[in-house]
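Take a look at the structure set out below.
Letters are used for the chains, namely A, B, C, D, E and F, taken in the order the chains are written, and counting of residues starts over at 1 for each.
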Amino acid sequence: MYIHKKELLFPVQVKSPNPAHAAAVLEQFGGANGELKACLQYFAQSFSTPDPAIRDLLMDISTEEISHLEMVGECITQLMGGPDKEQKMEEMGADERKMSGEGNILSDAKSHINNMMHFNFNSTVQKSMILDGHGLDFVDSSGTPFTGNFINNVGDLVANLQSDLAAELRAKKVYEELYRHVDDPGAREMFQFLIDREAAHATLFEEAIMRAKELENKKAHQTGDHVNMYFDLSLGGLAKNEFSFAKQAKVFEGPVEPKE
Amino acid sequence: MYIHKKELLFPVQVKSPNPAHAAAVLEQFGGANGELKACLQYFAQSFSTPDPAIRDLLMDISTEEISHLEMVGECITQLMGGPDKEQKMEEMGADERKMSGEGNILSDAKSHINNMMHFNFNSTVQKSMILDGHGLDFVDSSGTPFTGNFINNVGDLVANLQSDLAAELRAKKVYEELYRHVDDPGAREMFQFLIDREAAHATLFEEAIMRAKELENKKAHQTGDHVNMYFDLSLGGLAKNEFSFAKQAKVFEGPVEPKE
Amino acid sequence: MYIHKKELLFPVQVKSPNPAHAAAVLEQFGGANGELKACLQYFAQSFSTPDPAIRDLLMDISTEEISHLEMVGECITQLMGGPDKEQKMEEMGADERKMSGEGNILSDAKSHINNMMHFNFNSTVQKSMILDGHGLDFVDSSGTPFTGNFINNVGDLVANLQSDLAAELRAKKVYEELYRHVDDPGAREMFQFLIDREAAHATLFEEAIMRAKELENKKAHQTGDHVNMYFDLSLGGLAKNEFSFAKQAKVFEGPVEPKE
Amino acid sequence: MYIHKKELLFPVQVKSPNPAHAAAVLEQFGGANGELKACLQYFAQSFSTPDPAIRDLLMDISTEEISHLEMVGECITQLMGGPDKEQKMEEMGADERKMSGEGNILSDAKSHINNMMHFNFNSTVQKSMILDGHGLDFVDSSGTPFTGNFINNVGDLVANLQSDLAAELRAKKVYEELYRHVDDPGAREMFQFLIDREAAHATLFEEAIMRAKELENKKAHQTGDHVNMYFDLSLGGLAKNEFSFAKQAKVFEGPVEPKE
Amino acid sequence: MYIHKKELLFPVQVKSPNPAHAAAVLEQFGGANGELKACLQYFAQSFSTPDPAIRDLLMDISTEEISHLEMVGECITQLMGGPDKEQKMEEMGADERKMSGEGNILSDAKSHINNMMHFNFNSTVQKSMILDGHGLDFVDSSGTPFTGNFINNVGDLVANLQSDLAAELRAKKVYEELYRHVDDPGAREMFQFLIDREAAHATLFEEAIMRAKELENKKAHQTGDHVNMYFDLSLGGLAKNEFSFAKQAKVFEGPVEPKE
Amino acid sequence: MYIHKKELLFPVQVKSPNPAHAAAVLEQFGGANGELKACLQYFAQSFSTPDPAIRDLLMDISTEEISHLEMVGECITQLMGGPDKEQKMEEMGADERKMSGEGNILSDAKSHINNMMHFNFNSTVQKSMILDGHGLDFVDSSGTPFTGNFINNVGDLVANLQSDLAAELRAKKVYEELYRHVDDPGAREMFQFLIDREAAHATLFEEAIMRAKELENKKAHQTGDHVNMYFDLSLGGLAKNEFSFAKQAKVFEGPVEPKE
């Protein structure tokens, strides 16, 4: 079971709202390499993980990722100009609303955003404005919805942990790109924290992979006659001369004759 | 931030594994009215909710829903016959694996499941077996992946809470259907607990809707000239005689003439 | 069966084309809270609705929503600058087309749009231009396709009608946001009409919910021992002191002990 | 605008309910070649169709397709055993529900379906039972949701009409397969009617294609130097000897040298 | 089996990078009418195609389409400013990265793109930058992912070939629109080549349709009593007077009476 | 550019058709860990890979994967009972078709499948029969369509190669499960070949990861102050005592105080 505490794992204090930057950060809220994906992947894998220590590790990191998700959600909300707390539109009659048009009833942040909508037209910002009134959707930076397809889980511990290591490295890379593109110092402090944490997780998963390999029986692997072959199918390249595997293996261009 | 505790919110003890029942319960793990949808919907809404008590309520219930998700995941895992802890396949050489075929190296639960695969062919069970080795995916009972499209969030507090109330009523209904179809006593105890909790949440959201309506300004609503009309567009029916709204409103079959 | 009449339910006359505004209005053509979703949700529910008056109401409103869909489609087409009726590109040889580049063969509206493409780059406008030549797709304002996942239908009349009420309130909110952001007077007249109509539908669904509850048997509800509990899982908040349900219920932080 | 009439375009009278057949027929309710797809494709295309007669044809056929959709929905509902009109579960207290299990409170049709669930496990039937209580979802026969991606619309009249012709031929083929597999005489009468109608639509679209080609300017087509080439990229086949185009064209295996 | 050669089927040499244009061209990389869709559609159909010459034709064209996909991918990569070969970010410590912000370590092309991100905010460009570092995703111009739903395959040869003809005409139209909007001469040379090739494929599929129809038995078609009817369901239009089919058929407004 | 040869990379000879097994093997045709996913992932990554040898390796393996895709498609086609080459349905008049029902015009394989449909109801088999007439769709074993969301590509070479390694290990695991469940000797020979090849690819990607790490600059990594921390967020577990990283790091339960 879970307990939620009303403080962020790491404090988030955006200095200057910028809706296009908010849209960029959505990539890590509902995107393919984002915090929700990581949280759910480790959570799902934990149910079928036989080793208790690795199962615990998966739940520790999964719980940290949902805490990251909360930080990223707070960052996006602040970059969008804050929640539309007053919801003044609700309080106006139809005539007033007709007269006001947009602008005069809006805070400066909102006016800035409306200008963006008229002159710059980022479609993800536009959708967020129309649909949510500064709210949050589980979409990526292009407005594409989160999907369970992002989550990797097969019944093999090493394969799962390798998928987790790869997920951490991709997430870290995306935060590095966000660091380059989003110049708000408060957001960058959060990105740096998250880069550090994904690096720590990557190191932990590397250790867990070694542990999982040791847990496996050392008997002969279940491969057959076609492992030590290099198929040179993209003609004119370098790989067959550069990779030691290819140098030791049988290099040929196929097809394989049937075994007797 | 979140803390995870290594005990379930409510204990789950399945008596007799049944993979087709496991597939049915997946509906509430990754489906349109399931626990993940509820958890994420209230979480996303909380960021833009102006009233602190309602925001707290959303986070209390969201945190309970992720604790439900963990219970449902445990229930599915037990109904599938438990995790494939030994992963014996990994430890066999190719020759052994060829000889063994399926069956003799498998536990009874697994053998039962393999029989199902050969004679009954539920595609969701088959996918779960092949892909996950008894693992869990964020899919519904037909294998369709979870999607952010399930989540309702617009920038209006009453609309959001009405969406939440509706979501609880739908979730409760699905658990009632699962109660009818899955006859395992341990699973049914869990369903009854979850039916109770969704009912409690529904009551809370009804109270929150009243609170939110009071928070709104009491000024005239922003509607215009076309509210008090009933469009009788499906000919030959009863509604225009049965609904008091229709009796008070202008009933006609369209089209509307333009206003001057 | 359906009959289509070649006039709109309400006249749509856009004054000044603006493709970014067209992209915004797509939210109600193919989006999560749009007209197609509403039309199909009530249509699907009608097949399993036992009460004839409510079934008729669902079909009346469903039929009105597809008539709204037609209006919204016309509005988007006009905001995009009208259909590309002449399709002149078709009539040119390759040499001419190479020489002309874009611009000189294009109407002013089109030239305006091309400028937008070169300087402002809203991706939904760009897609609509490239893919459809001013045509219409069943996508939302960020280009994400319509999906059957938007539609709520479970086998419970009250739950379904609550879902319908919530859908109307969300749709109304989105039209209010469109009213704020799209300043074309013709489009705003249409939005005001649709705001009115969604409000009327919401009132009708509230009445239908009361009717459906009366149709239900008044016997004891099927809840158990865990209804009157408030789980205080998000620590440090206000809800347990503010909601009367929480004041009457058992408040605790879990986990639940198993029933005997 | 649309008017709905409370009678089906063609009467549907299923003789013997069979949920697996219901699941099969879902293919034409929410599937890639189904009635909703056809209805929405012609509707969307109509907004940008310059020729008034073809635009009218598109709306005539679109309106017929939504009337087909209603027939198909009715057929599925009857094959599922009819709507769960009494919704008795709602009326029972928790104790009764616990005692009853499934079966004794259920109609014969329902009992039959429950047996299927326990012994045969078609996942689409199972989802329909759990989620909808005999209701309807916009999914295909494997439970995959309808999507706007099914709809073809580009800004070219001939291309659109060719897409429509292809859609009709695919829909007709699916009904022919359903005719083979679903042996209920009432359902087959409906399939025969729909096969006839798709054939009629195909004939109409063939005529419309000829008309659209005549509307196009007869000037030289906008092709360049690479039309009269046959790329023989799948080695060892017959096509280059069998197709007259290949016999007249330059046959070679690429790559193309850049033009001067 | 396949062999890849390290040269493009047609040379691609973009003159001036423009990320918004790159995003536009994505439509043909991962979009509904793009090269991947065409490649996979003909590939999938080939397995169930009885006529060897048509099966060979499908594989010839499928192989050409994947060669087109490679060209389109190269074009997008060049329009995005080339691969981020140096990946300098990787090589910097945290302090350096903090100091540098964006800009000074970036090539001119990259700086141009960063400017676009700050001032123009096309969401697809933004996603491509953040997620891929100039890389390629299988998405369309609005960032929506490629899906198997794009692919048409039913068990009927003529229906399949008509779907293929329609796909070629739609692809050709999209390239014509890209030709209009993307003014880079190198990209246009590629578009012209692809327009030519889609035209050649369309001609081949027309010939294949005739061949497939000849392969079919000439016996009476399997239609019944409802073919020769024109349903005039969209009132007030021209089609029933303009189409010869309608003139010969029974025109009426439904519903159909049941057959005896 | 690509060349296709009309022979399989490895011969596929299924002994006994079994449509449920065909549905299982679909997992590797259009599923999350299948051949299309692998082919497209390496293809997409190659465009932004700076090292020529690794780029060549990616194209060699991508080309092998599409050759695997062809083998898997052939295997599914044979398991489904072969293509419906005669398409006799096409050649019958309506009266004959009515009389024949299903069965008497069908081959034995087809009759076997029809029996399955009436008595066993695997929804993926049913969809394949209805929709394709023994054809192939790009779906997984539960009928869920292939999506570009399966593909991992970020602008970081090591992260990409780790994703590729993980993908190979997952694919290998799925083939091992297929080997257990599908007892046809011809299919198993193919699975063994593919297990071998995925193992060979995994070894190659491990070598490529080492090479890529050497290509990176050895300067200090860009991490900050929060790497050497272990967040113990899932209480009551073992990980903090078992992992050496946790033993060396600061273990605490959050939250982090802001840096000065």
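Keep in mind that, in the parts below, a residue touches a chain if its C-beta (ideal position, glycine included) is under 8 Å from a C-beta of that chain, and two chains touch if they have at least 3 such contacts.
For reference, the UniProt names are A, B, C, D, E, F = Manganese catalase family protein.
Please read these numbers as outputs of a predicted model, since none were measured by experiment.
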Common touching chains of subunit D and subunit A: B, C, E, F
Per the touch definition, the chains contacting both subunit E and subunit F are A, D
Rotating subunit A so its CA atoms sit on subunit F gives an angle in degrees, to the nearest 5, of 180
Shared interface numbers for subunit B and subunit F above half of all numbers used, same, or below, different? different
Inter-chain centre distance, subunit B versus subunit D - centres from mean C-alpha coordinates, in Å: 28
Intercentroid distance (Cα basis), subunit E paired with subunit D, Å: 22
Where subunit C touches two or more other chains at once, the residues are 1-9, 32-33, 56, 59-60, 62-63, 67, 89, 94, 97, 120-124, 131, 133, 139, 142-145, 147, 149, 154-156, 173-174, 176-177, 192, 221-224, 233-234, 237, 254-255
Looking at which chains touch, is this a line, ring, star, complete or other? other
Can you list every touching chain pair? A-B, A-C, A-E, A-F, B-C, B-D, B-F, C-D, C-E, D-E, D-F, E-F
Residues of subunit F touching subunit D in their complex? 1-7, 89, 94, 97-98, 101-102, 114, 117-124, 126-127, 129-131, 133, 139, 142-145
Residue positions on subunit A within touch of subunit F in the complex are 5, 7-11, 13, 32-33, 52-57, 59-60, 62-64, 67, 147, 149-150, 152, 154-156, 158-159, 162-163, 165-166, 169-170, 172-174, 176-177, 189, 192-193, 195-197, 199-200, 203-204, 207-208, 211, 221-234, 237-246, 249, 254-259
Across the complex, what residues on subunit E touch subunit F? 1-9, 30, 36, 40, 43-45, 47-50, 56, 59-60, 62-63, 66-67, 70, 73-74, 77, 83-87, 89-94, 97, 131-139, 145-149, 151, 153-157, 216-217, 219-224
List of subunit A residues in touch with subunit E within their complex: 20, 23-24, 27, 31-33, 116, 120-125, 140-144, 173-174, 176-181, 183, 188, 192, 233-237, 253-255
